[in-house]
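Note that the chains take the letters A, B, C, D, E and F in the order they are written out, and that residue 1 is the start of every chain.
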Amino acid sequence: MQRLLMTGAGGIVGSMLRPHLRSVAPIVRLSDLKDPGPAEAGEEIMPADLADAAAVDRAVEGCDGIIHLGGMSLENSFEVILDANIRGTYHLYDAARRFGVKRVLFASSNHVIGFHERETLLDADSPPRPDSLYGVSKGYGELLARYYYDKFGIETAIVRIGSCFPEPRNRRMLATWLSVEDMAALVERVFTVDRLGCPIIYGASANRESWWDNRKTGYLGWVPQDNADRFRHLPHLSTPETDPEDPAVRYQGGAFVPAGMPDRRR
Amino acid sequence: MQRLLMTGAGGIVGSMLRPHLRSVAPIVRLSDLKDPGPAEAGEEIMPADLADAAAVDRAVEGCDGIIHLGGMSLENSFEVILDANIRGTYHLYDAARRFGVKRVLFASSNHVIGFHERETLLDADSPPRPDSLYGVSKGYGELLARYYYDKFGIETAIVRIGSCFPEPRNRRMLATWLSVEDMAALVERVFTVDRLGCPIIYGASANRESWWDNRKTGYLGWVPQDNADRFRHLPHLSTPETDPEDPAVRYQGGAFVPAGMPDRRR
Amino acid sequence: MQRLLMTGAGGIVGSMLRPHLRSVAPIVRLSDLKDPGPAEAGEEIMPADLADAAAVDRAVEGCDGIIHLGGMSLENSFEVILDANIRGTYHLYDAARRFGVKRVLFASSNHVIGFHERETLLDADSPPRPDSLYGVSKGYGELLARYYYDKFGIETAIVRIGSCFPEPRNRRMLATWLSVEDMAALVERVFTVDRLGCPIIYGASANRESWWDNRKTGYLGWVPQDNADRFRHLPHLSTPETDPEDPAVRYQGGAFVPAGMPDRRR
Amino acid sequence: MQRLLMTGAGGIVGSMLRPHLRSVAPIVRLSDLKDPGPAEAGEEIMPADLADAAAVDRAVEGCDGIIHLGGMSLENSFEVILDANIRGTYHLYDAARRFGVKRVLFASSNHVIGFHERETLLDADSPPRPDSLYGVSKGYGELLARYYYDKFGIETAIVRIGSCFPEPRNRRMLATWLSVEDMAALVERVFTVDRLGCPIIYGASANRESWWDNRKTGYLGWVPQDNADRFRHLPHLSTPETDPEDPAVRYQGGAFVPAGMPDRRR
Amino acid sequence: MQRLLMTGAGGIVGSMLRPHLRSVAPIVRLSDLKDPGPAEAGEEIMPADLADAAAVDRAVEGCDGIIHLGGMSLENSFEVILDANIRGTYHLYDAARRFGVKRVLFASSNHVIGFHERETLLDADSPPRPDSLYGVSKGYGELLARYYYDKFGIETAIVRIGSCFPEPRNRRMLATWLSVEDMAALVERVFTVDRLGCPIIYGASANRESWWDNRKTGYLGWVPQDNADRFRHLPHLSTPETDPEDPAVRYQGGAFVPAGMPDRRR
Amino acid sequence: MQRLLMTGAGGIVGSMLRPHLRSVAPIVRLSDLKDPGPAEAGEEIMPADLADAAAVDRAVEGCDGIIHLGGMSLENSFEVILDANIRGTYHLYDAARRFGVKRVLFASSNHVIGFHERETLLDADSPPRPDSLYGVSKGYGELLARYYYDKFGIETAIVRIGSCFPEPRNRRMLATWLSVEDMAALVERVFTVDRLGCPIIYGASANRESWWDNRKTGYLGWVPQDNADRFRHLPHLSTPETDPEDPAVRYQGGAFVPAGMPDRRR
């Protein structure tokens, strides 16, 4: 691989991942709506609005692989999500098709399956249960990735990222946390494995609490090494929730689940 | 139910279904982009562009149930599909939420699963394999329906319609054909069953050739009665295909599958 | 088979089944707490309290097969259910073991699985979800039947009876109804099939609405013929329930589910 | 299809099927070790020893499809089975490959799965449990058929024939019987369906007692119409077996199972 | 949690677990039929006969959580088991309901599934196969726990304990052994996890030989650390069994399986 | 075990395994077509052609266990494979039956399932998809092993060996490699576990890339320790394949898959 594009390079995940990309490709092209900061050696900066097809074309042209982190990563109004995640992801894949990019890592989200209960162990074949318009839009991206794989042969790693932060921010993240080192190891696997296909992968570290089963993607050779449990002693992670029937505790999507939900559904 | 809205009332399925709705609700509101013809007794005509949120609001207000056939039902450019099927379905569900509609029949499509091979028996939990941007947009509608059910309690029958025409038009339809009588019986079940939930139902008659298994939705009590086999003697249905590896024969989506596919993927 | 014992002979199911047993065995021994009425030709009357081991012994001795309908068939206090269904079923099976009875039909109940939602298609391997102390006691009977099969070779047909009445009494029974003719046909199969094993069978007619899948017991050759749908026009079956979230509508156990449930669980 | 080869044409199944082949192909080539009787209109007779590669080549050359009933269809010594079923089936498939035959119906046998218990419902994915060297050899043929499909694209219908006789000969055949009419209907489907693939099909009529589930091959449109139950009144089918633990009753393979089995395994 | 009740505190498991409970709750109430020895700091002693509802009420009142080890833990006569395990467990759960206890660890047993063969990997959804009246009574307790969860919201960890002893006592325990440290870690998880639900957990250490799969309860974050393999060199664990068909070797329940079994079933 | 026979002792796997057998049995009998070298202490040399029944009898007589590595382990002509693998394996099992050998390790091959795609996680119940006549013959051996287990009680560990070499030879072996130490540990388990049954085991080390799931045979206590990943830096393992659609990359069987395949199937 000569040149790797990373969209959403200025976001939390993008910023953490950036220094890990040197070993993946000699040239890394960083794109975001806003300026992700000056280019280091081996980096190119190319801002682009995902809703702007021509801009996306410019970002994609000349690349061999894409890490697509860009778009809206929280709940927002329908039209905002439409532009960033639905139109944007289409622009990206259609550019990939036209410019001959063969491999993509698509940052999907656990909010595609957020309405499953915590007791339900999920794997790649579990039915989607989005918990937000955001989750619905990520599910759309997954469908699009699969379509471009089946029809055009573009391989995508669909990564349903849990919570990729420096440290777990709340008790839920004891199960959903993904360390940047484990994320970087996944990136390395996605772009070096001989055959990727179009797998759905749950993006979580080897946490002691585990809701997701990645066995079906064992062929990728991604074996996360981190464990959120080492943060358990931190004060904000030590106090149990008091109501197991609270939708934010009952369902995997956490606080996205009760947001906007009418009282009688709780 | 006092008033039932049917979108897409001027299309093929809508036109065939229209005379069957009398027994489902005393008032039937018919909507489409184009005029679906003059109202008969018990009918109201209310044209609406699904991409126009205010128009959709006017169509939905005052209704107790919705049959959502509207939108683009063939492959088309991304922006056309976006307006009709993605924006349009969002407008519809959000109007349903705000106006208190509790039950919807959403016309999804077999093209959500068109890239499965014919030998694969599918049921409600089979993973989606869209064969077109159209199929991807219908998959989006399914996700949206599930989201509105889980979060807001709006029940939807997601019907992956096979081929709803007066007669099978080609050999593939010997498996995918759905007679209008069977479709009408499904409508009756959807709006009278005590609890609908949010099931995925394959919309095909009791054809001798069968790719889809509806057992998981046996609680609905929908038992199709028709069988495409009675048309098998017709000339255009009598000549076997000669190449079982032709993508249009190999995959369930038929001609949608090879459309636009590069030669080396065939 | 020379002599068939039927416990609970004076109950609703027992009374309806009684005239159908002539063709199953030359002598039918009828037992119940209360007198089930005078013996007809080929019948013996032998009252017994299931909680009385010696009485159960007398009822079982000399029989080749047992239809065990006896015990408490509605929710009741723990001690009443304990005596009738737990102690009673143990007495029955232990007598069967000591007197060499090789085949039993055990009337279990849909209330063993009453806390499954209607949308969940169940089969013989679905996990139990009892909706009442009564349902728990029937689950105990199922475990006991399996134990006597695995350890002692006594074959039992575990029949999770839906609603065996002359006609469906409420809308729920459109799915759960079992006609006495279909029940009698099942009895005939249970006592004439070459190998019975210890299957779990859902006791429902071939109703249009179907929650249960008996395919795994196709080896028995029981193919129910009746369909509750022919009663749908009756006034008490024609009015839809208005709240799909009512526990009595949401769960398979019907009115047993909300009985005694605290408000916040509903 | 211009010319259809049927091997084993002189056997029981072949003789019964012969008059039904007229409508499948204009020319039917009949082959067997022994002379299957004089050719009728549209028939060719071509005897061949399956162990003789050159003879098999002559039988296969010029044909478009093959019904492979030939070989040893009962338990026999290893070397006899080797010649007829292992070497013979290889000769047949390799001739098919070299002469361009694209579609085969391979008569496999229920004895490939004879060591499954009757209570186990089987489908196409159930693991093999051969009950005899004969059953092992038919399992070999199934593997060979799959290999020629995956590597060379020759489609085969693998039919695990139950008991194809004019009438059921014993109580076990109430479940395993396949009427010749249903077998002929399957032949018709195999050679006219647009895409066959390489399915495993259980060859039994729509008998009331059912051990096998063909739902996964619903795409073939084969819906058997006969039912062994209409013979149940016959004297040799009316008397129940007395020991459900008898291996010939316990396992699906019937009398093949205990044959040769040491006493302590029974 | 302020006060934790442990029943069966004087038994083998209770005695080993007792010193580990200090970190789980400030006050630990110890109950048993017989005196479990003098209270240490933070302990209360409260003897109770589980068959005595009033005594159970006294033990439960004022507690926030329960570890229910009490009852009969070996095969015994029906009436002894009835009093201790059936009546006793009902008394416990009904007291928990009335006194507002929200979380329970119920010591079930591998003898609920003892009649499964060793080669069968079990998980939480495997069907019960009790090997004893004791096993049947534990299955009853599991049903009761589920009922109190579904109807009243009392969460229970159903732990099918393998063999909780200081060391493995026989070769079977190389697979079934549960170290007290792993059991204590499970207790800690059960009473601190935000949402428990009503899971079935197999209580075994991370033994090299493994019959049970706890993946479905990965959300609990219980990762056993011990391994019976370190005792393999001990003389009583070194000599292989000589007959793999011995029921005590063939089935998971070990010596419970052949106990009382008639010769012809072995 | 007094005497262990190893066939194929002169092959690659046999030669590597030979020094590890000392601890398994006091006497090891080594057999091969060609001379496997002079006997060391505790060894016997007994050459035999597997196609020669009498020679196989001599090799088997007096042994308590067999490791059957012998036969043809690469693609070859049908008759060569027939003699070595089909006739040979039959000779071996029938000798085992007649001479009372109770336990066998049968070296099957990943080429029994070579036509599965890499993305498909396989376990013991996955359907066979042989990629060669060699793979078909190994599938035959598996059927034979199962038959001798079900009918005669001879236990076999069916080991689908991946790639047992000193080091991985190509990138595919990063997933399929089996170190001789892990193979030796498996041999130890097979001949000391109390009950073996007739499991299908995938023979691969604990490689980071994993296509196969052995959880169902956890009862054996075989936990491989090696990981091919430590060889990843070697030059011949460092260069990615460039075409994920190459059949040798797409399917698990590697180079066996495209061998002999016509161009249009690729």
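The criterion applied here is as follows: a residue touches a chain if its C-beta (ideal position, glycine included) is under 8 Å from a C-beta of that chain, and two chains touch if they have at least 3 such contacts.
All values derive from a computational prediction rather than experimental measurement.
A.B. asks: What is the set of chains touching both subunit D and subunit F?
C.D. replies: Intersection of subunit D and subunit F contact lists gives nothing.
A.B. asks: Mind checking the rotation angle between the two copies, subunit E and subunit F? C-alpha superposition, nearest 5 degrees is fine.
C.D. replies: 120
A.B. asks: Taking all residue numbers used at the subunit A/subunit E interface, answer same if over half belong to both copies and different if under half do.
C.D. replies: Answer different: the two copies use largely distinct residue numbers here.
A.B. asks: Which pair in E-F, A-E or D-F has the same interface as A-B, with over half of the contact pairs matching by residue number?
C.D. replies: D-F
A.B. asks: Would you mind pulling out the distance in Å between where the CA atoms of subunit A average out and where those of subunit D do?
C.D. replies: Computed from C-alpha means, the inter-chain centre distance equals 51 Å.
A.B. asks: Give, as an integer number of Å, the spacing between the C-alpha centres of subunit D and subunit C.
C.D. replies: One centre to the other, that is 41 Å.
A.B. asks: Could you tell me the distance, in whole angstrom, between the mean C-alpha positions of subunit C and subunit E?
C.D. replies: Going by mean C-alpha positions, subunit C sits 31 Å from subunit E.
A.B. asks: In subunit D, which residues are in touch with two or more of the other chains?
C.D. replies: 153, 245
A.B. asks: Could you list each pair of chains that touch, in label order?
C.D. replies: A-B, A-E, A-F, B-C, B-D, C-D, C-E, D-F, E-F
A.B. asks: Show which residues of subunit B lie in contact with subunit D when the two form their complex.
C.D. replies: Checking each residue of subunit B against subunit D gives 117-119, 121, 171, 174-175, 207-211, 213, 229, 240-241, 244-245, 249-250.
A.B. asks: Once bound in the complex, which stretches of subunit C touch subunit E?
C.D. replies: For this pair, the touching residues of subunit C are 78, 82, 86-87, 90, 94, 115, 125, 127-133, 135-136, 139-140, 143-144, 146-147, 150-153, 257, 260-262, 264-265.
A.B. asks: Hey, which residues of subunit A end up touching subunit F in the complex?
C.D. replies: 153, 155, 192-197, 199, 215-221, 223
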